[in-house]
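The two complexes that follow have chain A in common; it is paired with chain B in the first and with chain C in the second.
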Partner chain A sequence: MKKTWLRDYIIKRLLYAIFIAWAVLTVTFVMVRVGPTSPADKYLSNLAAQGQDTSQVMAAIEARYGVDRPIYEQYLNYITNLGRGDWGWSLSTSMSVMELIKAHWIYSFQLIFLSSIFAAIIGILIGIYSAVRQYSKTDYIATFFSFIGISIPNFWLGVMLILLFSVNLGLFKTYYDTSLSLLSLANLKQLILPVITLGTGMLAGYTRYTRSAMLENLRKDFVKTARAKGLPERTVIGKHVFRNAVLPLVTIIMFDLGSIVFGGAYLTEIIFGIPGLGQISFNAIFADDYAVVVAVTVISAFLILMINLITDITYTYLDPRIRYD
Partner chain B sequence: MKELKVLAVLLIIAVLVGSSCQVPQEAKGVYISGTSAGDAETLNWILAADSASFGYIGHTLDSLVTYDNEWNVQLRCAARDVEVSGDGLVYTVTIRDDLKWGDESQVTAEDYVYTMKNLMFSDWLNYTYKSDWQEEVNGETVFVTPEVVNKTTFTITRRTVDPEFIYTVRTLTPYPKYIASKYEGDVESFTQAPEFNKLTYTGNLGPYKFVEWIRNDKFVVERNPEYYLGTDTDAPYFEQYIVKIFGTPAIQHAALEAGDISYAGIDPPHVAKFQAMEQINVYTMPTTGYLFLAYNLRDNGWEGLKQKEVRQALSMAISKDLLIEKVLIGFGEPAFSFIPVTSPWYVDKGSAKYGVESLLDKEKAKERLVETGHATQRADGSIEITDKEGKPLKLTLITNSGNDIRENVGYLVKEELLTIGIEVELKFVPWATELRKYLMNKVPGTGQELRYNNGVGAVSEESWDLMVMGVTTLPLSPSGQDVFYATQGGLNFWGYSNSPVDELFQRIRSEEALDEGARKQLYAELSQLVAEEQPVNFLAFQLANAGFQKNVKGIEPGINMGYNYHLWYFE
Partner chain C sequence: MTNRLKSTRSITRKVDRVKNLAFIIAMVLLVTTLLLDIFVIEMIFDLLTYLYIALGLLFVRYGIPLLYASRRLIQYYWQRAIKNKLAVGGLVFILLLILLAFIGPLFTVDPTAVNFDEKNLPPLGFTIEESVYKIETKQFITSRITGTSEHPLGTDDKGRDLLAMIVSGTRVSLQVGLFATGIAIILGTLIGVSAAYLGGKTDNILMRFTDIMMTFPFFLLLVFIVFIFGPNLALIVIVIGLTGWTGTARLIRSESLSLRTREFVMASKALGASDRRIILSHLIPNVISLIIVIATLSIPGVILAEAALSFIGLGDPSVASWGMILKAGQQNLDTTWWVAVAPGIMLFLTVLAFNFLGDGLRDAFDPRSNI
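Our next item is the complex of A and B:
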């Protein structure tokens, strides 16, 4: 029975995701193409410096890129190509958009994935400990460091970590080395500082969320009942309190994961020289590289929708009372 | 005893033989050049418009010649320097006969001529720099005419004389006709051609061969054992050469300090720190970039600026030495025209040196401003500038936000002018806004396209009076600055117009200037005239600082430091 309504629900949500992705594509395409700038702008200074009639040559260059045609024609052309699996050619990096995304997504993904795991595991453990030992010294220390963690800007922390651990102690390279195999220990080692940089803010947040969620549940009647029944404290905390507290946490973790896909890790990527999609998409915006901007936005939107779907499905397992039929 | 004599003779022979041969360096190591100036856009050079792209391609593809630090010609793909006919119209190029494409076939004059005629001069490809190869003939813009003479020789014929065209010819690089012809006429295929985007065609034309390009990360090339200049020396001496891109100069500096990279440019505030490091060599070198303060001479600027004496007075109130000391932290040279000291055409004598020595005089500046009638003197001796109706006004200074040096120049100008009573309002705006709202202009009420110079009557959308800018000049052909200072110059956004200046630019590019002595005299007159006229306040030529790990040897510091980089090695 559960299988049937879950299948129908997933199909409905997938169709919805496709529709949203198309809407995002259309809006992004129009916004990028009707803006006052043009991919040919990068030539403006050079051409003027040569005393050329800029408008004439700019028009010729826009024709080279096909951006001189009416917007509906460009849109239809784009959609037709997309139907054939062609996401277009990146003008600012001189490679096909799909090749570009294929080559760079993994750098962003490994950073975001490891940072989330690092932040979730440590943040949740500290949060539980803080809640159980409320108002103890440990709780105060955890609270103090959580506020510091939330307040420290990524770029500052990253630079400080590099100066301390790479320049002064020589423990790490100052930048991310793409020549190392992704599955090697050396790669894992070089991700330590970027993961700490990106994960610190998230970790501090998870600590606070876990602490409050745990405290809220610790005060509930079912906990008193469990204790009155003589259940060991570990079982009370782990099985009864944490299981109830984890539900809002899953939402927050998944939301974080979704919001930093592609764009949110930009600063960390910049500091450590990680050629992820954050950097690629940011540069594409400034270069008016519309094919990359549209592709990254659409894929990003689609992924966020998928993450939301996975979150909703996870709920049904964490709390059997939840149904979507 | 006899054996000792034989041994001694053998030793002497060995020493003599050793001293008469140059011991080749061993190729080893990976050289990593750090940059925080951003990634390239393409490896397909004819489509490139940014210096990073040309920099990457240059590792695998030499031009006809290059220059050492004293601007002496160093032959590369050319067998001898470009020859110019007596009438200055025909340029004869002879290339080496040992240049090879990736498929081992010979690079010929036909490839060069094909590249010019069918690609650079074509309508379908829209080569960005095509105007360098055009001339005005009877009011019509036409291309120069390339022709094959034999397998290794071709000519380029002009119909008008331009003594500085030779510098353009020397930069030529070819495309292989056997590959390029496959894509001819189809701009999309040409843009996406794998041979051009992976530089598989470059054969022995550069010291290095393409390995990989990871966008926003690094560009990697490896030693080219076939390099035509390496046949006798085994050069180049680095196994790999990597351009590593950093997001911020701070991390680039950290990487140099940690020994993770071989080279990085160093910003002035950090030079002393790196000079104190044992493992780093810091070289200070001249650059071709200069800072200037533009005066808006168009109708939406303060009308006083249109008068030469007012511009001179403002320039007399701003100390160039102070600017170099405070803003450039000592890494600059005062500028008095757009011709740098490192240019072969630089003449020191006779130019007015506003902003230093006797022409740095704030009292005289005030007197001159009052004399012009654009200012009134207050009781305390300071002055107040006024508009047409005699009302006091503030000047507006624009520069692009995020550029620390230009912003700091703005603050210094504000302080300096305040000492004579002139108030300046600073506006730091994004670069794109500065270009579109303050530089580009058009005649109000017309349907003109926005351009940097739309002639008399054109004004920018937003009004301004002063603007801090920085541009580069070509020391070998400073006449290229006519785009800024000639009445019709494409980048003359501030609206400067002076007939004698226009005439001198034209004469430098005429038959009269074929004689180098005559050309030098014309340049001397031009620099004296602009130093006197003050179309802008030429502030300073900047100096650059390069930090290298101490084990990098063979470097010749200078304005063209990298000219012999294929001979650099690790100790």
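Our next item is the complex of A and C:
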């Protein structure tokens, strides 16, 4: 009974995700078409301004986008090309968008990964501590700082960290060094400031969520029962309260990954010069390189969609009481 | 008795009709001027002005009567909210900020005035050392520059007064924050309440649509649209408003679901009230406290989104917003650090103030809720 229900649910969610993916593709296509200038125009005028011959580029673009063909054919082309993994040609970097993204995604990934781990571990620990010691001095300090952490604009925090630690104290380099191997200690060191920049807001959020979820569960009857049985406080908090509080927390962390982190990670990359997806789409915006902007937007949207899908399915699997319908 | 009741009712109806008529006439006038402005004459006002007038009219016609109708409730909550010192502090800061946005520009110099003789001046009380290369003597001359009271926050690398820039940026940030949130709240409330009240298929369609909108990554969508259509403050406000209503719609829907089956709604229905009347005069007044809390808590996100957009270079180049100043400051961090510090502090304090106020209001309205 349970198995078939879960399978139906997964199929339903998958279909839904595919529908939204299609909607994202369509919306981006329509917007590029409706937009005041066509991708080629903007780029060509830039080239012409530099005094270069545009006729060859023009021919290549026309062949690629099929600007003269009817709109539905262009649309079908767009969808099938993306489906085949052909994301277009980046005019500003002279390589295919797929190659560009393959070369750069890892930088975004390491930043997001490390920041989430950092924020989740510290945020949850502080949250548990301040819930257990509610109304203590530590609790007040933690609450106050989490308020500040939520309110501080992360791009400004990044700039201030650079100003303090890199410009004034000289502890870190102001620019990201791509020649270092990703798994080296030196690379970890240069990621410290970016991780703090991206992680602070998340950390503050998780502290608050954990605290309120723990407090809510601490009031429950089963906690009283557990204490009455004479269990040590550590077991009560760790097993009875935390395990119940952590499940909604996982969803929040995953949804955060989707909605907030991507925007924040891109900003952080731009501030610290980390050559991830945010940086390349930032450069593409200035170079009017449509293919890259479209690809980064669509890929990020797909990733967010996937993360949400996985979260929903895991959550329903772990806690069968919740049936999204 | 019945006669008197009837006569008061007919008077209220007449007043209502006059109000509606006045509102419609004003709206039609506004749209006609807008169309004339776009197609016949050169633009007299920019698009944003029209948007503001339209939102203002909506507020006068629907917002004020709604607030007036629930004045006792608001007064009661108000007395609970002012016990929270942080919330009051936040409110005072916001009011000062609004005052600054309105009358500040009268007291500051022109924020766009470039003066290279006074470039890179540090804030009052700070002294920096600057090395200047003199062509005549072919050597570096180190001079000490101290901040002057003429430019209390210093100047940037083009000699523009930072204080004046910050003040004019206040206007931009508040405009975006208040008006984009205004649009989002109106949309979210209407969609949420109608979904809850009408139920069935309408509810299903509206909520599925909300789900789809929610899956779109908001900031990426904003960046994408602004990239395609060009940076323009009106566009930014409208896009944030049109995409930011989803959370509101969900919360308002779940709140109104329980209201729908309450006795006073049933009674009103039994008396033959129209759907529009029930939604406008029974459902919305009962969720107004929730609306106020959501609005207060969503303003900071909107202000930050605009600042982030300006920061990555997609802000409206014709207005100096805080994000734009911050961006300029970041590029010259090693020489004029104060240009990056000041707008960030303003952003931070503004966001903090709205968060404090929103939290205080939420606790006053419903201490157990977890919006």
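In this text, the second predicted complex is superposed on the first by the 242 of 325 C-alpha atoms of A that agree within 3 Å, B and C clash if a C-alpha of one lies under 4 Å from a C-alpha of the other, contacts with A are read in each partner's own complex, and residues count from 1 in each chain.
Here is the rule we go by: a contact is a pair of C-beta atoms (placed from the backbone, for glycine too) under 8 Å apart; a residue touches a chain by one contact, two chains touch by 3 or more.
Bear in mind the structure is a predicted one, so any value in this text is a computation, not a measurement.
Colleague: Let me test your reading of the model: by the given contact rule, A:Ile122 touches which partner, first (chain B), second (chain C), both or neither?
Modeller: Touch partners of A:Ile122: none, neither chain B nor chain C.
Colleague: Could you say whether A:Leu215 touches chain B, chain C, both of them, or neither, answering first, second, both or neither?
Modeller: Neither chain B nor chain C is touched by A:Leu215.
Colleague: If we overlay the two complexes on their shared chain A, which of chain B and chain C does A:Leu6 touch? Say first, second, both or neither.
Modeller: It touches nothing on chain B or chain C.
Colleague: Determine, under the contact definition given at the top, whether A:Ile270 touches first (chain B), second (chain C), both, or neither.
Modeller: Both: A:Ile270 reaches chain B and chain C.
Colleague: May I ask you to decide whether A:Ser300 touches chain B, chain C, both, or neither, giving the answer as first, second, both or neither?
Modeller: Only chain C; A:Ser300 stays clear of chain B.
Colleague: For A:Val167 in the superposed arrangement: first (chain B), second (chain C), both or neither?
Modeller: After superposition on chain A, A:Val167 lies in contact with both partners, chain B and chain C.
Colleague: Should A:Thr93 be classified as contacting the first partner (chain B), the second (chain C), both, or neither?
Modeller: Touch status of A:Thr93: first partner only.
Colleague: Could you say whether A:Leu114 touches chain B, chain C, both of them, or neither, answering first, second, both or neither?
Modeller: neither
Colleague: Does the superposition put A:Tyr175 against chain B (first), chain C (second), both, or neither?
Modeller: A:Tyr175 contacts chain B only, not chain C.
Colleague: Would you please give the residues of chain A that touch chain B in one complex and also touch chain C in the other complex?
Modeller: 36, 159, 162-163, 167, 270-271
Colleague: Applying the document's contact rule, which stretches of chain A touch chain C when the two form their complex?
Modeller: It comes out as residues 20, 23-24, 27-28, 31-32, 34-36, 147-148, 150-153, 155-156, 159-160, 162-163, 167, 212, 258-259, 262-263, 266-267, 270-271, 281-282, 285-286, 293-294, 297, 300-301, 304-305, 308.
Colleague: Provide the residue numbers of chain A that touch chain B in the complex, in ascending order.
Modeller: Against chain B, chain A makes touches at 36-37, 41-52, 54-55, 57, 60-61, 63-64, 89, 91-96, 100, 103-104, 159, 162-163, 166-167, 170, 173-175, 178, 269-273, 275, 279-280, 283, 287.
Colleague: Of all residues in chain B, which touch chain A in the complex?
Modeller: The touching residues are 38-39, 41-44, 47, 49-50, 125-126, 128-129, 131-132, 187-188, 191-192, 197, 214-218, 244-248, 250-251, 254-255, 257-258, 260, 432, 435-436, 449, 451-453, 482-483, 488-491.
Colleague: For a test of understanding, state which residues of chain C touch chain A in their complex under the given definition.
Modeller: Within the complex, chain C contacts chain A at residues 212, 215-221, 223-225, 227-230, 300, 304, 307-308, 311-314, 326, 329-330, 333-334, 337, 340-341, 343-344, 347-348, 351-352, 355-356, 370.
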